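The chains carry the letters A, B and C, assigned in the order they are written, with residues numbered from 1 in each.
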Amino acid sequence: MRSRFQQGLDELRQKLLRMGGLAEQAVDRACQAYLDRDLSRCQMVLEGETQINVSEREIDELAFDLLAMQQPMAVDLRFILAVTKINADLERVGDQAVNIAERVMDMVSLPAVDLPVDISRMAAAVSAMVRRALESFIEAKAELAQAVLEMDNVVDRMRDEAFIVLVKTMNEKPETTRQALDALLVARNLERVADHATNIAEDVIFWVRGADVRHNVPQEASGQEEPAQRAATETH
Amino acid sequence: MGVGIQVENLNAWYGKTQALHEINLNVQANHATALIGPSGCGKSTFIRCLNRMHETSPEARVEGKVRIGEYDAYEGTSATRLRRRIGMVFQKPNPFPTMSIYDNVAAGLKLNGYRDKKHLDEVVEKSLISSALWEEVKDSIHKKSGASLSGGQQQRLCIARALAVEPEVLLMDEPCSALDPISTGKIEELIFELKAQYTIVIVTHNMQQAARVAEFTGFFLLGRMIEFDKTEKIFTNPSDKRTEDYITGRFG
Amino acid sequence: MPDSTQPVTPKREIGLWRRITDQLATTFAVSTVIIVLTPLVAIFTYLVIKGIGSVNWAFLTQTPKPPGEIGGGMANAIAGSVLILGIGSLLGVPLGIGAGIYLAEFGRNRFGDLVRFVSDVLNGVPSIVIGIVAYALVVLRQRHFSALAGGVALAIMMIPTITRTTEEMLLLVPNVLREAAYGLGVPRWRTTMSITLRTATSGIITGVMLAFARVAGETAPLLFTAFGNQYWNWHLDQPTAALPLQIFTYAISPYDDWHRQAWAGALVLIILIVSAVAAVRFVVRRGTLGGVA
């Protein structure tokens, strides 16, 4: 096969995986910082943001080059398009991690308060979603991506519950309003991360099956099994 | 107006070698259909079976049914009569070098006995306009020979020549492979416009061209038709692995 | 500093050797050309020197005087040559071109190979033998010498050259042109006549001219066919004078005046042949359209 093109595809894949790792790490760090009230971890998240932004630009540039110079078709074209979209989502995930870190920094400056909301459970779920979405990309397996889509509802419910609980808390104990608000915002940020993970999963399905499953409207899928699977194994 | 083409169980041989195996295909009227595939896959042989040019090769044999519109291409009509209803444009522009531009365009009519000068004048002008060549040559159609034009112009001249006999189908065998990008672009635009009046079948090595020009695409491999579908489907999400391997360049 | 954009020059010893070889080769090529051209130039010069004095109006318009008398000309021989060549061309050119068309378009088989073989053999037959054949075929039948017999002999000699050249020129016509015509629904015979033949015209005419130039100066075949004539003759079935014959007769005669006239005749013959070929070339070139080779 056109070896320079194949090399370009491999490089794109590697870069995206690295960026995925960075984004996943940022979310995990931010959540851990919230749970441990750890300022140093917040600092690491903020500093890691630059790397993620640089990565986003590099990936877009490489994808653009490949599109312009190599006239990719079918599965290769879908792959590159999916990569550019996943790229954007990962950068957003990084942004959300920074938002969480900023909330944590505010929280730590205030006295600790016991809130009846289980952020750690939500954080675990969201983290799992991100990890699984990235796995589905590495393995080029649409079933893994499908599982991520299903988890989104769970996370949405968690956010809604947190909302109700925290509003009640703010009404009953107005002195904890600021901490509750911080927690609420963190919950919202986590839910946003889950949304981005869902997007990533949808993009993987698009790449692997040629089916556009966004907004819950499945279009014609390919008649054959997992063309991207073969492409992925070839890149190994 | 163009007509549809139905091909059933077409097999073709050059002597002992079988070049086409059980081809089944429906070409839609007034649409452009592209045939792609690697060298030697039989796509040129296929379109030459449509206008019975395959027969001009030594030891050529054909089995199967080809229907052009209402009538059968092989039974009940002579090859020459069939070819007057099907125009063909070849890979390398081949205007008749000893004839003027006018005579080239009129060749199909003149050589078949039409003599009415006024009618010929009209047809020549109309054909040259249809092939987007009229403006460039209208002052010298009697003076300049067909071979004195540039490559892109020559090919348009050949298209005009094919159109002059008012065919229903236009077959094009890699019409742009000998031309520069600008001429290629002009001819692709032309094909787009001609679709309204003719049924066009175009063989091309250039997949991007097939994607730009044709509504339907067929992928040939080793004398068989592997896949035939709407062009967008073939190029964004083909059903057959071999098709995908070919269009993504993983082939060979 | 060595300039990376300039080609690297070889070391001096190799350079010298190569230059010497180059010079030798060029000199060899040029000298062979000179050697080849010398006889041609010599012939022409000699002819001009010996003959130009005798080419005058009388020579070109009068018939020969009886042997021994001074004066007279070869007018009848010139006219006779034209007549005999005319007959020969009329017979030989259509047959030759027809055979060439057959071989090119339909002759890719055993029979075609046979025809080609026969044509090549015929090409090699000595002209005197052809004269004898024509004698047997025509003169004996008619019981007299004739311009027709001379024409037949010359035609037989022209045919192989014309056939081969026509075939080659037709084969040179790219097949895509034939295909273009077939694609337009033009039947095969029409394609051959109107497209293939027309494209090859210039080359075929060259072949015809080659054949013509060759037979125009032939003497042997005319010896027992046209036979020669002291007087004017326009009848096809009577012995006719011809330039080469006349030159031959005069040259072997004991008369000086006839020797003089023989030189003049030879010069006139050469000039006529060259003019005919040049004229046809000119007409063909004028007739073709702008931009056509």
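Here, contacts are C-beta pairs under 8 Å (C-beta built on N, C-alpha and C of every residue); 3 or more make two chains touch, one makes a residue touch a chain.
All of these numbers come straight from a predicted model, not from anything done at the bench.
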Among the chains, which one keeps its Cα centre farthest from the Cα centre of chain C?
A
Most heavily contacting pair of chains is B-C
Gap in Å, rounded to a whole number, between the CA centres of chain B and chain A:
51
For chain A paired with chain C, centre-to-centre distance based on mean C-alpha positions, whole Å
90
As a quick test, compute the distance in whole Å between the mean CA positions of chain B and chain C.
46
Residues of chain A engaged with two or more neighbouring chains:
none
Give me the residue numbers in chain B that touch at least two other chains, ranges are fine.
none
Which bits of chain B are touching chain C when the two form their complex?
51, 53, 56, 80-85, 87-88, 90, 92, 94-100, 107-108, 111-112, 143-145, 147-148, 158, 161-162, 165
Quick check: in the complex, which residue numbers of chain C touch chain B?
174, 176-177, 179-187, 190-191, 194-195, 198-199, 201, 288-293
Across the complex, what residues on chain B touch chain A?
207-208, 235-241, 244, 247-250
Flag every residue of chain A that touches chain B in the complex, lowest number first.
1-2, 5, 71-78, 210, 220, 222-224, 227, 230, 234
